[in-house]
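Each of the next two complexes has chain A plus one more chain, namely chain B in the first and chain C in the second.
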Partner chain A sequence: MTVSDRQRSLQSSMHDMGLTEEAIERRKRIVGLEPADLGRIAAVKDVVARGAEEFMATFFEFLSKLDEARPLVTSHGLLDRARQLKKAHLAAMVQGEYGTRYVEQRLELAQLYARAGLEMLVFLGAFHHLLRAIGSAIMKQFERSPMEGFENFMSLQKVAFFDIGIIVDVLVMERERTIRQQEEAIRELSTPVLQVRDRMLLLPIIGVIDTHRARLITESLLRAIRANRAKVVVMDVTGVATIDSKVANHLLQTVTAARLMGALVIVTGLSSEVAQSLVALGIELSKINTVGDLQGGLEEAERVLGYRLLRNGDALPPPTMTEN
Partner chain B sequence: MSAEIRVPIEHERDIVTARQRGRELAAANGFSSTDQTLVALAISEIARNIVSYAKRGEVMLLALEETGRRGIVVIARDEGPGIADPELAMKDGYSTAKSLGVGLPGAKRVMDEFKLETQLGKGTTVTMKKWVR
Partner chain C sequence: MAVPILKQEDVLIAQVQAILSDDDLNQLKDDLSNRIGRARSRGVIIDVTALDVLDSFATRTIRGIAYTAKLRGANTVVVGIQPDVAFGMVQLGLSLEGVETALDLEEGLAFLRNAANSRGPRVR
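Right, the complex of A and B next:
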């Protein structure tokens, strides 16, 4: 990624997270960061700058001892960049400027943690150690006026909590993004069309049908009808809890499209609740062939295709004429 | 009275969240399994209208208790374009969006009370109640 690409992606992340200038000011107010703090932070600027290397080492040493942080500390690309950003962070923390630019830097580091799969708990542990190291250095510097040293440190701590707020938000957001992607993947996988016999397909539908999934179901079914030269499809909706008008419409269209391709669709497993919903909505389903349960549906499909099921040892009945 | 549940509606997945919350609330308040499904259905229909026509809005769910009977109220609010002809919109088979046109009248049929307030350019509020049978 070039520098300008990175900049653009950071800006779009800032936008996604709603980190406008107003939002940043609000975050400062929440941690209590006031103009009076800036003077106290300036008073410890030199101490922090002098110890920057050491503080950074504390942070990464803590991480290197934890199994959970292995992906970060074993990837040289990530680790080098993290060190670079952490060093910049320590310098920026005491500059007194906590605006858009500062937040962008926090965001970049947080996204790197997220990429490395760093858990929140692990990050907080490392950050705690870093703060403690800074705190000790400050207290040493203000040995003769510990109250002043403490106040200065507390002002710096406000900045630290401002930072934590952003990092935590990014880690949570990344996790939600992962969950959404997984949901998407499950949806894609969850519309199998199975061949039961020659020219006979089974389409079990389980869970929530939304319009996206309904479209996927239609597409994969029509493709399978063509590929298998199917004549009968059993669509089982036992696992569907709610069918609203939009989903019903999609199912109707699927059935119609399948019929145009020469396949008969038998719908099975409509629960009593779903049946009542469809009646209440006044949806016209008389054009659809429904059979109570999946077993009945499969038997009906076999009958339509002219199959007869015999138990081993049963005498062969005389052949009958089938509809086909 | 228990606290209200608010579900912001913007994407299709919010419709699913809203109706799941509605089903849970109905179950917790003693609705039968069929009535839970009907409540979920009504929520699904009006939340779908928000996504289709107003882009975003909110569904509010609340348990009710009055003169010895229990029920739930569903309030769906949006600041969308409003409905030009509310009477026509409540008719079966009428739709401006090539859908089945059964959403609003269907929701009205499955609930006990139904009120549609709409103002062009200002938005729409649907208030529906259902009592435990």
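Right, the complex of A and C next:
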């Protein structure tokens, strides 16, 4: 990734997380970082800058002792970049500028942690060690006036908590993104609409139906009805373990919507438990055409479309009167 | 805007072009009812392909048209309901119950032809 690529992806991440100038100001207000703190931070600037190398070493030494952090410390590419960024972090922490640029740097480091699969508690432990090392260095510097040293350290700690806020958000967001991607994948896998014969569709439903998924199923079915000019749809719910009143209502809506487009829906595969529980719940499904199993449903659909299935050698039965 | 009504043999086709006001809908109902009598039509097709919304009043009026036409001796088919419109309608709990529906004009005509055939040839 080139430098400008990285910059662009960071900017889009900032945008995704809603880290505008106002949001950054709000974050500062929440940790209580105010102009008065800047002076106190400036007072410890030299101590932190002088010990930066050592503090960074503390941070990574702590991580190297933990099994959980192995992916980070064993990958040289990641570790080198992380060291580089951490050092820049320590320098920036005492610069007194905590705007967009500073947040971007935090974001980059946080994304690196996320890529390495660093757990939040591991990161927090390491960060705590780092802060303790900085704290004791500051207290040593201000041996004569410990109160002042403490105040200065507390101001610096506000910056530290500002950083933690961002990093935790990134780690949580990365995790949520993984979950979202998986959900998306499952959803796409699970609602195929298949053409079985000319003008006849099969809609096998497997798994749990919630409002969102019911909507997707209905939408893809309606689109398929138009694309394939379908007249009959066989909806097989063998793979749906439980049907409560909400799910039944969703199914009913799908059936009604298909009918509005001129297609007949045949529902198959209502198991005996499901059928009994629907009756027990008093759910009215009499408007739906149901056939016991998928085979029966397909046969019924063929009959509606006027197909007759013949085995080779069978005599052709005389055409029935209803057909033209 | 009034809805143009075309006559094709014994079928009347009402081609809805744009969103209809309540007055337009009532006008359509009167027009169709009269034309069925004059043209001795056996079928009515209401084509709503161009519509991107069907509200409760429109649904109710269409149902009214279908029942009226039935009493005047004609079958009614609503054709061309778009996927988004169908989805919107079920969300609102509208279902056009008792009214035949078909995918498009071609399907609607095929349906009416079948219905006519099953009733037997017509004596002119």
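Things worth noting here:
Here is the rule we use: the second predicted complex is superposed on the first by the 195 of 324 C-alpha atoms of A that agree within 3 Å, B and C clash if a C-alpha of one lies under 4 Å from a C-alpha of the other, contacts with A are read in each partner's own complex, and residues count from 1 in each chain.
As a convention for this text, a contact is a pair of C-beta atoms (placed from the backbone, for glycine too) under 8 Å apart; a residue touches a chain by one contact, two chains touch by 3 or more.
Since the structure is predicted, the reported quantities are computational estimates derived from the model, not experimental observations.
In the superposition on chain A, A:195 contacts neither chain B nor chain C. Looking at the shared chain after the overlay, A:241 reaches chain B, while chain C stays out of its contact range. In the superposition on chain A, A:257 contacts chain C only, with no contact to chain B. Once the two complexes are overlaid on the shared chain, A:218 sits against chain C while remaining clear of chain B.
Of the two partner chains placed by superposition, A:182 touches none, neither chain B nor chain C.
When the two structures are aligned on the shared chain, A:226 is found in touch with chain C, with no touch to chain B. Chain C contributes residues 79, 81-83, 85-87, 89-91, 95-96, 101-104, 107, 114, 117-118 to its touches with chain A in the complex. In the complex of the two chains, the chain B residues touching chain A come out as 12-13, 15-16, 19, 23, 33-34, 36-38, 40-41, 44-45, 48, 92, 99-100, 102-103, 105-106, 109-110. Taken in their complex, chain A has these residues touching chain C: 215, 218-219, 222-223, 225-226, 229-231, 253-254, 256-263, 322, 324. Against chain B, the residues of chain A that register as touching in their complex are 208, 210-212, 241-242, 244-246, 248-249, 272-274, 276-277, 280-283.
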